[in-house]
Structure formats: structure tokens, C-alpha cells
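Labels A, B, C, D and E are assigned to the chains in the order they are written; within every chain, residues are numbered from 1.
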Amino acid sequence: GMITTLSGGGASLGIDVRDGFMLAVEQSGNTDIEVVIEDDQRKPEMAVQIADKMIQSEKVDVLTGIIWSNLAMAVVPSATAQGKFYLSPNAGPSALAGKGCHANYFNVAWQNDALHEAAGAHATAEGYQNSFILAPNYPAGQDALTGYKRTFEGELSGELFTKLGQTDYAAEIAQIRASDADSVFFFLPGGMGISFLKQFADNGIDLPVVGPAFSFDQGILQAVGDAALGVRNTSQWGKDLDNETNAAFVASFEEKYGRLPSLYASQGFDTANLLLSAMASADVSDQEAFRAALKAADFDSTRGDFAFGSNNHPVQDIYVREVIKEGDVYTNRTLGVTLTDHGDVHAADCAL
Amino acid sequence: MSPVLIAEQVLNGVQSGVVLFLMAAGLTLVFGVMGLINLAHGSLFMVGAFAAAGVASATGSFLLGLVAALAAAAAAGALVEVLVLRRLYAREHLDQVLATFALILIFSEGVRWVFGSFPLFLDIPTALSGTVSLPGGILYSRYRLALIATGLVVALGLYLLIAHTRIGMQVRAGASDREMIAALGVDIGRLYTVVFALGAALAGLAGALVGAIQSVQVGMGEPVLILAFVVIVIGGIGSIKGAFIGALLVGLTDTLGRLFLPPLFALFMDSSAAATVGSSLASMSIYVLMAIVLVLKPSGLFGART
Amino acid sequence: MSLLTLAHGSAFYGATQALFDVSLDIEQGEVLALMGRNGMGKSTTVKSICRMLPLASGELRFNGRDIRTLASHKVARLGVGLVPEGRRCFRTLSVRENLQATARPGDWSQNSVTDLFPRLGERLGQSAASLSGGEQQMLAIARALMTNPQLLILDEATEGLAPLVRQEIWAVVARLKQRTGLAIIVVDKSLKELSNIADRAVVLERGTSVWAGAMNDLDEQIVGRYLGV
Amino acid sequence: MKRAWVANVALICMLPVVAIWASMADEPFIITLATKVAILALAGVGLNMALGQGGLVSLGHAAFFGIGGYAMGILASHAQSYTPLLEWPMLIEGSNSMPVIWLLALVSSGLAALVIGALSLRTNGVYFIMITLAFGQMFYYFSISWPAYGGEDGLAIYMRNGFPGLNTLVPLHFFGLAFAVLLVALALATLIGRSPFGLALNAARQSSERVETAGIRPYRLQLTVFVLSGMVTGLAGALFADLNRFVSPSMFSWQTSGEIMVFVILGGVARLCGPLAGAALFILLEQLLGGISDYWHIFLGALLLLIILFARGGVMGLIAGPGERAHV
Amino acid sequence: MSEVILAAVGISKRFDALQASRDISLDLRRGEIHALIGPNGAGKSTLIQQIAGRLKPDAGRIVLEGRDVTALDTAERARLGIARTFQVSALAMEDTALQNVVLGVLGARGGAYRMWGNALARGSLRDRAEQAVARVGLTNMATTRASALSHGGRRQLEIAVALALDPKAFVMDEPMAGLGTSGSHDLTELLSGLRDEAPVLMVEHDMDAVFALADRISVLVSGEIIATGTVDEIRANSAVRRAYLGEEEGA
């Protein structure tokens, strides 16, 4: 069962996850797997209802697909409590990595903090002393700033929370200009990031900007345009990562859907492959065995090495990428690894 | 906090107020003047932005994009008025609310159907990009200055149109008694279509102008719509002047609230918590403003009715 | 040729029939009294003429032109000026705006109507909603005159007016009558005033015109029977 | 009138029949849907009191729905983590007993309605619509950014709260509970509708001057019904949260207000079972259309438009005939 | 001289530049019909509204049976016994005539917040309402909706609602407006009987009705009372003729 966002705002992410996932399923040629896909409209209530439906009526064994942390929080605990497996292709709220972890919950993307921590590490490595940091005022935003601060060793010249869904950042940009910052870190997913980058670029402030990959994703970059060029961002995946699986994935995705794959597509693809690998070695009805098979993570990931930590969250390398223009298309080039075999701090709170 | 920063933030407040005004003006026209509550006004904003982005990327001209935004929003507005809304003037507000709610659904998904789910790109025209320095050492975005100027011109033009022309009088007369104005020789049906299209065009213009500095995506209209409601409530329904003052008030309150509240809380809290709490309250500041205005003047600052 | 002809008109409010068979006609320069007790269909007839209510059947001509299906505003532009029952001034507009909004060029202008009703001249800037009842009535008449009609329809135009003003209005109607061209349909409850001013009368009873003729021929018997006096 | 009565009874009976059938056919999801219909209808019944009887077009009822939801979320999360809700001025513990939660939901949404109503009712017409909408948004933004109870993430409650004598985890039991509450609310609405209060309120909707010159203050009548209406919707919010075992700010969103209003209007304003018919149809459409196309909202929108333009009086208007604006 | 029931004492009211009421004093005595006449825009409705509580006077007091009610709002004054009717009927148009009247009884007796029981159930509430309906001769229209009543019917209904309030005084603004000759005639009779119930303060332009009904007449011109007296006194008053009646009516 796949619950994901296919309509309304944010649908592009869900569509990428779905397309990536289905690509993997198709390539495997495995006919034992039956995928039911439903649209949650990005509404938690809807996601819960669909989960109920999938579990109660369609009797699915494994759930996946949710994009947003808040929807995951609504669905995952009750689904795992009912003995279903949940594989997260995106969204890794800290609650589910720490105290709320569950043996049947596997995150194939990242724990929410990971990319922010990588950004902090990158900023430190670049020798920035004074960062101005901002994020929307909601849990993921608060986690983002915490994550950055965890690894950033310089000072903060400012810390701002913006309104979720805010589209005008003139006021914040003015404050950045007025501050003594030597770098800017921001976490503004979706349209917020587009707005911020465009406005930031237009304001002639010449400060390096770092952010997690979400605002520099393939789907979004085209809407940001030149304003994004040169910006560093952190990601566990890049389309130019040098491994066979990835090259094949990028090529086949582009061929099938006529667009470059995004981070989300890669995550969907990996999630499907993880599931397929587990199905190959165990039967779902045997919970123990299936769980172990998942945990082994015996599949070829598009990001290269991939393993699960004690709390079933990834332990993986995180890269720094830079936005470039390839012909007419804006995309990312991977510069290097910033965190190696990175797990997350919440694992300590997890009883598994 | 330096005076320059404050001055710059005031400008920002004015600028966001001006954009709100473009939205609110169309709404208040349609509301106050035609007695119609139009929740789909935000959709017209979105239509404008998408039309601008689509045409600008096809032709490479921002100006053509603006023209397209005006035309598309006006056309969408006129179409909606002719097909749906004109049957609802005589109905209760309730029906209008629901019908325009339905229109939002249709517009949002329709636009997504045509343009896909990914945000579109619309950039500031090169002539207006970058900053200018203003007296007092303020660096300010050229484009935003242009926005302010556009808003002021539109405000003035609208005010004159509604308050001082015969068309304006006829439209307002139609609001108070549609049947009667027709019986005195005015083609009120056509007039309303025109007014509605005008309101829509303003929303489309706002969408296009804002689209250049924000992301052009489905659902971009509703948050602005709700702010525009607040503006109208504060300013008084049907009053262009009220919409203007209300919009500036809301723009300034919002911007300055975001600037001052977090440091205010930082005086007695640690900075992270202050940032959270301060910005939580800042996001509610305009609603508090609205509540205060209401307590003092239930029909808004410039509203006619009690 | 008559200026306006309504023949065998019938009309409905939703499912209920209000007019059954109404006929009337009026010449240029003539004053026609439309009479009948409360609820007999006078205002409905007026609305049908102004096309505010569709005629279900019958014939309606203005200056020989068939206007049965013409839009309300087009009828007005042909030269029908209405002072509706209940005044219906545009409440949110000022007096001046009420006069200007629908004005059409002709002999009547803001100056000439404020000469006619000096009180309106004093209140030009005030909103119509705050006018006294009588002032609103004056405004409604002035507004109709400002459209410079060929046919003026006064539906209970003296209602709520002080006796002096009422007399003034009748005097105005008399003056208007003398000006060539303007035809007037008057609905009013004052029989006495109507008989002074009207040339002819049409009497309505339950949505049907039951009597038509010269005002002088309106005898006691008909008055008693149809007008309840 | 008779026809309306028959339609009401048939509609009310339909829901438990569907639920029981689903239970026998082992289709728990259908019971869940039926429960959802009952709960959303309850929210609609609440709104309909203000909207249908009071003429108060509130586009901010999501505020009460959300408050009810958070009453559940907050109490239950404290119970879940064994931390007291308040230590001062007195010790208040969390709770996972539905009656306690309902009480809190009623009281807190009633208080909120009192404040919002007291301010909003100073105005009328379009102002009222917009102000209630804005107040709803205020709660929305507050709930998103206030970190204590999960902010945008919301609060997940892993176990459905209990009700003495029932096993709420059994879908049919929970359905029965929600349905019983709905019945009580419907009965209450009927009672109020024909009472002196209902008469005065209906008159106030039509002419506030009339009521005033009869010696009654329309403001108070309307405030009273607004509070009642908020309470019923708040209770529905608490149940809805329990249905999903989850609350989040989206319960406060203006789309929620819009949807509650859609139920009411779709079903027929001021008709006793309007909200029920509306909610049932809405859920049905959502299930049917959602399967047809990703863009099903277009169809939903078009259908709504058709109903508004051509089927005045909503579904109940079609079924029960135009008839009287039923004194609910 | 009979007892004063309702009095306006030194009322003044200004709208911007316009002095709508200038130090107006007026009383309404038991058993009388007191007509208030005057040119259009003289300030009659403005005075009525101040008496009923819709407008607050800038200066002066309104006294009901010796009690100063100036500070009270419309609803409170109505409960104390000032029953107002409107020039343009203000009724609950979707409700039946009887329901409209029951509202009046509720206002007078309290109980508008009772949320149980049937408002129209047999009992004292309904009896009282039916009496009032009968008084104005609407009994066979009791279950007709107000919107379906004729103009005259609505006028009667307004009076029935006022009657249901069990008022100390009636205050009426142009009750005859819009009624035809025969309608005015019927209403004249109804009003005439009303004065035994409670005195009536009535604004009216229909001089036939005024002269037939009024015990006393006050004439308001430009916000000032220029004369108060019996019908004959007023007819004979040359200032009143000049300002209002004109020669013909006065004669």
C-alpha cells in the first residue's frame, strides 16, 4: 500500500516517489507484489483514513509512500502497532527515530536532522564563523535549526523562525543584510525556498548560502532559475553519484518519464528495491524473517553504501552538491562527502 | 536595531501592503459593490501568476507576461461571472460562499492539470533587478520599489473610478438595488461583468507581480485571499480607501511584528525559545489587529454600514 | 398612434398569477390614472411595462415598437422613467450621485430638478439612506426626471409626503403635463387629486382592467364598486 | 412535511443499517466510513444551528472542531505520558476517558465560541463570514507554530480512548457511540428549533429590528446559539480525533470550515438531516471520484456548483421536497 | 389633566451640521392619541427613534411612567412597555402571523431563552398571542406567513405584535403609509380602539386619518415643536398652515 501526496500543494514530491517506486517494481519484473496507491491530499486525516482502509479492507502487508513528517506521525505509529511494516521513502521525524521507534518501521531516506547536520558540518569545514539561520516555525523547522547547530562550530549571528507557508522574505533578508553574518543556512521546503532564493538573489547580498537538498531538488530548481546557481546543498544522493545502480536508475527514469529524477524519485526507487530484496529472501507472513530481511538492507542503493542503524534509520554518506546549469536544465553536481556513514543522535533513545 | 533596518522594514511593510491592496481592492469591489462574496478571488491571483509565467517563459518577455496575466485573469473572471456568479447575486451569501468554494476546487485542480504539479518559473525583468540606494543609506530592491509605485497608481486610479465617475456610481447603485438601476436604463448585467473582470484583472496583476519574486504554484492564492479578507474587514467593505489603508496596516503590522516580537521576547527568554514564541505570536498579530479594530469599529475603519 | 400600448397582459409571480388581463394605452402629453384597491395589480402592471417582470402573454408596444421581450434597461433608454413604489433610492449613494448615475441628456438637469425640489439642493452631499422619507420620495421623482423620459410612471409618488409637498408635486405633474410630449401614468390613492389631473383612467380589479375611460366619466357607482370609497 | 419526516427517518436509519451490514460482511473500513459520516454530520449539525437557525454564516467553525480535537489530543497525550496537564492552581491529570474528554471539548470550544462570537457578532453579513474565517486562521497558525503539542506534526494517540462499558477499538462499538451522540444532537436541535428560543432566534435571523422592538436582544440570542453551535462542533472534533487517533492543525484549516459548510449546504440548510445527508454524500463522492482520477476535485467542484445552481435546498430539498424551511 | 405616560423632555439631536431635534418636549397622556405631524425632514422619525431607543439623544431625557429610560436600549424599553411599529413593516417574513405575535408575548413575559417545549403549544403564551391576533382581526390569517399577507395585513400584524407586548404606550411611524383608501379606513378604526389599551403617539401624513383620530396634535418643524393642540386649534393655526398643511387641508 502506498499513501502519498498526488494532488494539491506538494503533489510533485509524491509523484516523484511514486514514479521512482514503480520504476523499480517494473524493472524487477516481480509479479508477487501488488501496489495500491492512494492520494492523501497532504491531509493527515486523509492519510489516516487511507491507512485504515488499506489495512482493514485491502489487507496490505507493507505501507509506504508518505512524504510529510506530520502525516507520517499520524499514520506510522498506529500502522506498526497493528503489525504492519512501514517503509518511509521520505520524512524521518525525530520522534520515530528515538523513543517512538518501532521494529516494523524502516526509514529508507534519512532522519530529518541528517541533511541539516551535514549542512552544519559543511559550513564548519568551509570555515564560516557566523551563520544566520532560518526555518519555518513548525517542528521540522525547529529540528532543522537544532540539527545545524549540532554540527556547526561557529557563532550564530541570527536565528529566525518564519511563518509556515510564508512567501515574502524581504523582512528576513533585510535582517540578514543588517547582521554581521558570513553565511546563511536556511531550511524552507517547497515554494517557500523558491521564494526565498529568488528574493535573496535579487537583493545583492553576497553571502554563501547552504541548505538541505529539499530546496534544490530537480523539480524545484527550474522554478528558482539562476538565483540558485552555485548554492551548496547537502544530500544523501545526487544524480551524478558514481555507482552502477545510480547510473542505470537515472538513465531509465529519464527514459521512462522524460525528466531528470529527483531526490524523491531516488528514495522511492530505493524503497521499492529494499522491499523487493526482502521479499526475495523472506515471506511477509513470517514477520520475524521479513523484518530481518529488511534490516539486512541487502539491495543496491542509488546512493552507494546503505545500512540501517539500530533504530532502523539509514547510516549513510551525505554529500555536498552545487547547483549548476546543464544546457537548459538546472541541476546539481556532487562536490564530495561531508559526513561519512552518518547515523543519527536519536538512535540512543531508541529501545531497539 | 539600526534605523536603516527599521526604515527598510517599513518599506517592506508598505510593499507587502501594496500587493495585498491589489488583491483586496478587487475583492472589496466585488463584495461591497456587487454584494458578492468571492472566495475564488485567490484562484484568479493564481491564474494571473501562471499565465504570466507561461507566457514569459515562452516569449521571454516579462511585460508580455503581465499583459497575459491581466488578460487571462480578466477572461477567467468574466467567464465565471457570466456562467456562474450572475445567477447568485440574488442569493444568500451562503450560496455564494459555497459556489466560489467549488470554483476554487475547479481552478486549482484545473491549473494543475494544465501546468502540472511543479512550480513554474517567473523572474524579475532584468531592467528591474538588483537594488537601488535610497537616501539615508537604504539599499532597496528596485523591483519592490516598482511594485509600490504600481500599487499606488492602481489605488489612485481605482479610487477615482469608483468614487468619481459615473460608472462608479452606477456600480454602487447596482449594489444597493440592481433591479432599479436597470429600470433606469443601465445595462447592469454587462456592467457587473466588466467590474468583475476588472477585479479579477487586479488579482491577476497581483499574482503576476508577486510571482516574479515568489514561487508560482497551485494553491498560492488562498493564503493571500485570507489576508485580503482581513484587510477588508479592517478597512470596511466596499471602500477602496479602506482597502488601501487596511492593506498598509496589515502589511506593516505583519512585517514589523516579525521584526520586533522575537527580540522583545528575547529580553526575558532564551533566544531559541524567543524566536519560536515571538514568531508564533507575530503570525497572529494581524488577527489581533483585526479584533481590535472590530471592537472599536464593527464596520471597519471606513465601512458605511453599522 | 399611442405612445404606449399594453393589451391583454398577464403576469405571474412564481406560480401565482397577479395579472390576468390588463389593457391600457396612453398618448403623448396625456395623464393616465391607474386605479384600484390595494393588491389589485397596479404596481405589477407598472413592473410589467418596465420589464421588471415578464409578461406571460399579451402585447406591449412603445412608440409602435414591440418591447415585450426587451431588457429592462433598453425599455428605460427608449424613454420610460419610473418612480417606483417604495422609492428605492440608491441608499449608499449621495443625493447628487443618485441624480447623476442614471442621468441622460435632455431638458432636465441637476439644476432644474433642484429648482423643483429645493430641499434636494440643500442635501446634495448627504447619503440617500439618511434622508427623511419625504426627501427620498422627492429624490426618486427627480432621479426619474433626470433620465429625461417620454413617459413618466409615478407609482404612489406622493406617499409619505407632507400635504404641502404633495400639493407641490401635483402642481409639478400639472406643469409637466403642459410641456408637450411627456406622458404620465399615475398610481395614487387620492381620488380627488387624480380627478383634478388625469385625463383618463384605467381601473384594475384582481389583475384585470375592468374599466377604462375619461376621468370625467368615472362615476360614483364605479368608484364605490372598485375603489371602495 | 410528512415527506420530510419520512426522509429524515429513512436517512437516520440508513447509517446504522450500513454499519451493521458492514460488520457482518467483515468490511471494517465501511464501518469506519460510516463513523466518519456520523461524526462529520455532528459537526454539521453544530454549524447548522448557527447557520440554519441563526442565519450566522460562520466560516470559522474549524476553530471549534480543532479545539475539540486538541482537547482530546492534549488530555490523552498527558495520560499517555503520565504527566499532569496542570499542576497549578490545581493538579489536573490527563485522561483517556471519553466522557472526561468530551466535557473538556464542550467547555473549551464553548468558551472559544463565546469569545469569537462576542467579537464577531458585533458585525453581520459578509463581515461576519470573513471575521469568523480570520479567527479560524488565527487558531490555525497558532497551533502550527506552538511547539508544546506537536505543532504542525500534530499529536498521535496510539490507543483510542475508552468509554465505560464499551470497547471502543471495535469499530461497531465506536460507530454506535458516535451515532448515539449524533442522535442526541439531532434531538437537541429539534427541541431547540421548536422552542421559544428557536422561534426568537429564527425571527432574529429575518429581522433583528423586529426582535429588538419585541424586547429581546438579538445579539444575545445569536451569541447563545453560536456558543451552542461551537460546542456541538467541538464535540464532533473530539470524536473525529478519536476516530483517527490523531490531531493536527489541519483540523483548524479553513478548508475544514469550508467542508463542514459544504456538508450543511449540500444536504440542505436548516433542515434537520441536511448535515447528515451532506456528509454522507460528500464521503461517498470522495470515495467514488477519488478512484476515478487524480483530478477528482474538479468533478467535486463541478458537482457542487450544479447543486448550488440548480438544486436549491440541497439533497434534502430534492428528497423531501421544497416545503418549509423546516424549523430544525 | 390625565396622567402622563410617556414624555420626551428637552430632547436635542444633531447630525453633523443638521439640528434634527431642538429641545423637544412632548408628552403622551393616558387614553389619548397624540399625532405628530410636520414637513418632510422635520425630524419626526428622528424623534420617534430616540423615544424607542434606536438613537441616543445628545441631550434630554425620555421618561416612561415617571422612570427615566434614556440610558436603556431598544429591547429594554420595549420590555418596559414602549411598543413601536415601523413605517416599512419589519416582520419575520418567513414566519406565520401567529409566530410573529408569539415573539411579542415572549418579549413581554420573558422566556425567549427557554430551549425546550413547543413555542406554539397551547397554553398561556399562545392564548395571549391569539387574543392579540383577534384584536386586530387577523384570526383567519393566523397561520399565513407574513410574506403572504397584504400590505394592510402586515400593518395589522405589526399592531398585533405591539399589542402582545402589553405596552404602556404605542409609538407608530406612519402606520397608514401604503394603505389604500379602504385600508386606511379599516386601520383608522382599529387605532381608534387602541387608545383604551394604551395611549398612541403617531406620526402620520394622512390628514384625514389624523383629523379623525387625534385627541391632540403636535407640529414639528425643523426640529422644533411649533404648536400643540386639539384638531381644531391646529387647523386654525396659521403658522402650521404655512409650514405644513397648506391652505386647502387647513380649511
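As a convention for this text, contacts are C-beta pairs under 8 Å (C-beta built on N, C-alpha and C of every residue); 3 or more make two chains touch, one makes a residue touch a chain.
Being a predicted model, the structure only gives us computed values, none of them experimental.
Peer 1: So if I look at the partners of chain C and the partners of chain D, which chains show up in both lists?
Peer 2: B, E
Peer 1: Kindly list the shared contact partners of chain A and chain D, in label order.
Peer 2: Expected: B.
Peer 1: Of all the other chains, whose mean CA position lies farthest from chain B?
Peer 2: It is E.
Peer 1: What is the chain whose Cα centre is as far as it gets from that of chain C?
Peer 2: It is A.
Peer 1: Need the CA-centroid distance for the pair chain B / chain E, whole Å please.
Peer 2: The computed centroid separation for chain B versus chain E comes out at 48 Å.
Peer 1: Approximately how many whole Å separate the CA-defined centres of chain D and chain E?
Peer 2: 44
Peer 1: What is the distance, in whole Å, between the centres of chain A and chain E, each centre taken as the mean of its C-alpha atoms?
Peer 2: 74
Peer 1: Using mean C-alpha positions as chain centres, tell me how far chain B is from chain D in Å, no decimals.
Peer 2: Between these chains, centre-to-centre, one finds 31 Å.
Peer 1: If you look at chain E, which of its residues touch at least two other chains?
Peer 2: Residues of chain E touching two or more partner chains: there are none.
Peer 1: In chain D, what residues contact two or more other chains?
Peer 2: 141, 145, 147, 295-297
Peer 1: For chain C, jot down the residues that touch at least 2 other chains.
Peer 2: none
Peer 1: Could you list each pair of chains that touch one another?
Peer 2: Chain-chain contacts present: A-B, A-D, B-C, B-D, C-E, D-E.
Peer 1: Can you check the complex and tell me which residues of chain A touch chain B?
Peer 2: 7-9, 11-12, 15, 137, 142, 145, 159-163, 165, 167-168, 170-172, 174-175, 177-178, 190-195, 198-199, 202-204, 219-220, 222-227
Peer 1: Sort out for me which residues of chain B touch chain C in the complex.
Peer 2: So the residues of chain B in touch with chain C come to 166, 169-170, 172-173, 175-177, 179-188, 238, 304.
Peer 1: In the complex formed with chain C, which residues of chain E make contact?
Peer 2: 15, 37-42, 44-45, 87-88, 150-152, 174, 177-184, 205, 207, 243-246, 248-249
Peer 1: Which chain D residues qualify as touching chain B in the complex?
Peer 2: Contacts found on chain D: 51, 57, 59, 119-120, 122-123, 125-127, 129-131, 133-135, 137-138, 141-142, 145-147, 254, 258, 261-262, 265-266, 269, 295-298, 300-302, 304-305, 308-309, 312.
Peer 1: Okay, in this complex, where on chain C does chain B touch?
Peer 2: For this pair, the touching residues of chain C are 50-52, 71-73, 76-77, 81-82, 84, 88, 90-93, 97-98, 100-102, 104, 127, 143-144, 147.
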